[in-house]
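Chain lettering (A, B, C and D) follows the sequence in which the chains are written, and residue indices restart at 1 in each chain.
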């Protein structure tokens, strides 16, 4: 019997509905570079979902690429981007933002999140520093929703953060690599229209939410990132067969497939999380989304990892290990039952 | 009746065999980032096809990305890359190479190709210039096979070019965006093993040769591009679901599908080309691959473009237009018959 | 007897008036980074000389640095700069512009100059190209006055070039590394106020015109290059003791020292040029400034280079060599007499 | 009566001996770009002082430039540089290192210094992280001697740090902007030969140690930074009149002028520091070099700043301000007496 696998949320190919649409449309001839009918339809559906009828939308292949290209598109050369020290751009993107010439200005994380007061203090500090012209000017705030720790910004938190950014004239940008898993959480009160209203840019994740690949970059107000198409090309991020990305997002935003995908994962995570609580496990990060971070002693570690593939997160002391359990659109009830049986 | 479409070789989705394999493997769980079994199998098949058992192979999403990442990986900061003035990196990549900090040093094109003697002269000229330390040092030669004009380097030409590069200690890199269409041409005498033997790096094109997307970067000798994986990540070119790219190349290199794809396109192009010759059309670039560049007078232009979508290439004078006709793996005999009927 | 030396125009230290002022002011304590009284006075004098009372002026150390920083400050990431194929940024700046991420888009040179019609054609070509969004957008035109060949743009030529740029919305930038030698030529009709009126940016050269080092970057209209101070710092081009650069330009623009410096060099060059004509030498580039390009046969070459150090320029055929003779503010009548005696 | 000025150590022009040499040599004609006799003599004197007879030495204009160019010259694209969070490259260089594509990886500072154990932990952490190929690889450790807080690495500390770096195969680079003030401190036990033995690169500061400008970059072992001359040019950091920088360093390293310059400053700082201790002032950073950081209450602040210009450092609470007092080669006994009289 093969091992269970809860290592991450991109273990499989794509949601079957996406493959079905790829098959159906395969021999249709279209224009390239995202100027096809599927991409245009996907854009229109996303505009509706975001209640942002003027939004500019670009489909890029991956998250690091989307982050680096958006940051490049919105910042000027003398500007940097504020991020939590645990932000993906600050840790696991191989220096892509710096390779584009911009400094990532890190701030402390609080459950994976930036605090608006820290952001305001950093912006004020730069503004009030007599040496500010010798320093990198903060030009953007980067957040993730959900965060790399699986936590969520509340609407109230996002409103304050957005107000701080707008007062200071810096952009607010949200990385939504796992956005599907945020949107459907009962604990979540931040909708797509909220993101569109409060952020200057964000991306709706596809790769980790059921697509083969793809992220939809949304600029709610048009004109904010001039010549972004060319910048996408310059970053090597422009698909010749743009339709493949567009079609996937068209599918995700038809009949709320994106919501269903989120719900499958969250339902699975909730069942696992409840059992962990019941059995007295320690969850190191309280969060409601599809990633569970559980502290295991040696016996628990050996038992669980002999039956299921989990992700190593960190080893706080020689006796304990934190492992990540991730669910996805593809997690089945049987998988969850089997994992619960091991706990 | 809808129009015929010969605008380019990436009008459709993917070769059906690729979609079939995506479906078959969709729910298999694999590691990410190209460390899955399909990617590994694809690498092995490509190594065999190239007779390069030690080759390092990376799957990237697109051509501009592959070019920018390889050039970044092989050059040092003070080096630039020699290319024909018509080379893709010099014209239609939105400055991606320069965005990575490297100058594209252009040389005259001869039917879309670099002449080894021009390359040697440029390398000698730099070497013998007293001001060479104030200049960009040529560190690589970039060629395309087939070229942007559809022409082919002969084996003899490639041997000389390779010898010139090796003598000077500069890398030779071949962009194979349309390599499938070169390999099967009766006029072609450059095989994959030849490329692996004579080049320091090249990529085998997928996007324009039947895949949804994807290019296989091949370093025939291992170790030439240290930490290339990290560089791919930094360029935003690393697929989380690397399997999707790997699986496509595994399919392309099973039962010589890559060769079949090329043959379909070349057979179609040959029939069209023969008819054009017969009917007295002027072909502006003699070439044997899947792109045909035909000079049309006003009457011909109007007649053809009313029935078929072709690509505008250039307008040498007000009375004439050069249009490109491209065939692909997906071009049917019926399409060709219908086009020929319009000529 | 030591050899004469006409190799270049930066053989000595600085004009004695500059050293005198350095001595006089040496122990005065001032603010750093160009915020001192000498720099401010220099700026005011340059504004007056340029009849540009609002001009923003920054003192940078050298020409490559000035070019790279100005280009970075005015262009966006997706833009490149048009230049003559012989332009300094295209040849002898070690790829500094590309290292900053921008492509140098070269055009043919005509006596070292760009033709406005070529520039217009290039701008139109980009604008009319269906693939323009896959290409580098021209955002600036770079010229040198005098050019690398010692030639001059006439006022009429500059007016047309400026009109072409303004119509297309691209910046016009002039590299004035040897500007002192242009301004005083009888053949010249382009004044500093003309440059300020017709260009968006230019620099007044110090290094090659009598200063120890230093170039004064002038933005005639303020606000065109926001946060340029920070960009100068980021380029490593900000002097802690900014006064040293400022004081030099204050001296150069007091009692028309800059004009005198130019006149000394031009008078010397004119005498040498006249003698060369008289004696039947071939001048390969007709130009009125301080650089003379003379074609020498073997006998002439041996005779001259045994007595004077000249610069090698090129070897058009095995029997002939083009050498450059350069004069400067420091060329004496005795030097000229001695050189003439060898001709 | 004008105010005293202890704001920084670059308030004046240059040490008179430097101006004297500029005058003496002004009309000598030399080659450009640092290939003159003064630069070569300066290199030889520095090699002797460092007991590094093979050292490669380049004269650059300023500190930010030196840092950015050295880091670019030694790192590969996928590498970053470890630095204290207070390191100059991490704070006051306007993102120059990131503009060159490299991430500054910050570590906690301890009195302005890096701890070898923190460095080792960071290097091990990268090495042991399963995700290291998605992260920036540390390729260099950057330190300042003295640090930005005026503190010094001891020889023992530097030995350990160097051993940690060599074991891990990363470069150790020391920023010596104020090195003159370290070398002569009685508390200092790190000599130039120690730096040459323990570091892979360092620079000897001129700008803040008596020169008009200039920093001498030293690579103790030749060949470590190939084509560095071209990289210097590419960074806009190559002086046409390289002799001006070379001559200054030749003067600084003749008859131990560099040592004398340090001693003047340290003697002045020691007298001020002793008086501050005597009078019960709080020094916020115990350090032996030419920068004194003193905590002032409101009365002290008003009294001192009415008579002397000091640098604002920080305001830890509304009642107190930390000000910096800096001495230099140009600080006179009278200045010190006058300042002491105000304390």
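We take it that a contact is a pair of C-beta atoms (placed from the backbone, for glycine too) under 8 Å apart; a residue touches a chain by one contact, two chains touch by 3 or more.
Treat the numbers as computed from the prediction; the structure is a model and nothing was measured.
Under the contact definition, chain B and chain D share the contacting chains A, C. More C-beta pairs touch across one of A-B and B-C than the other; that pair is A-B. Two copies of one sequence, chain C and chain D, touch each other mainly through matching residues, since over half of the numbers at the interface are common to both. We define each chain's centre as the mean of its Cα atoms; on that basis chain B and chain C are separated by 42 Å.
Measuring from the averaged C-alpha position of chain A to that of chain B gives a distance of 33 Å.
In chain B, the residues touching two or more other chains are 77-78, 93-95, 99, 101, 133-135, 230-231, 233-234, 238.
Chain B makes touch with chain D in their complex at residues 72-73, 76-78, 101, 133-135, 137, 226-227, 229-231, 233-234, 238. Within the complex, the chain A residues that touch chain D are 77-78, 80, 91-95, 98-104, 106, 130-131, 133-136, 312. Put simply, chain D touches chain C in their complex at residues 5, 7-8, 10-14, 16, 19, 22-23, 25-30, 32, 61-69, 93-96, 99, 207-208, 212-213, 230-231, 233-241, 243-244, 330.
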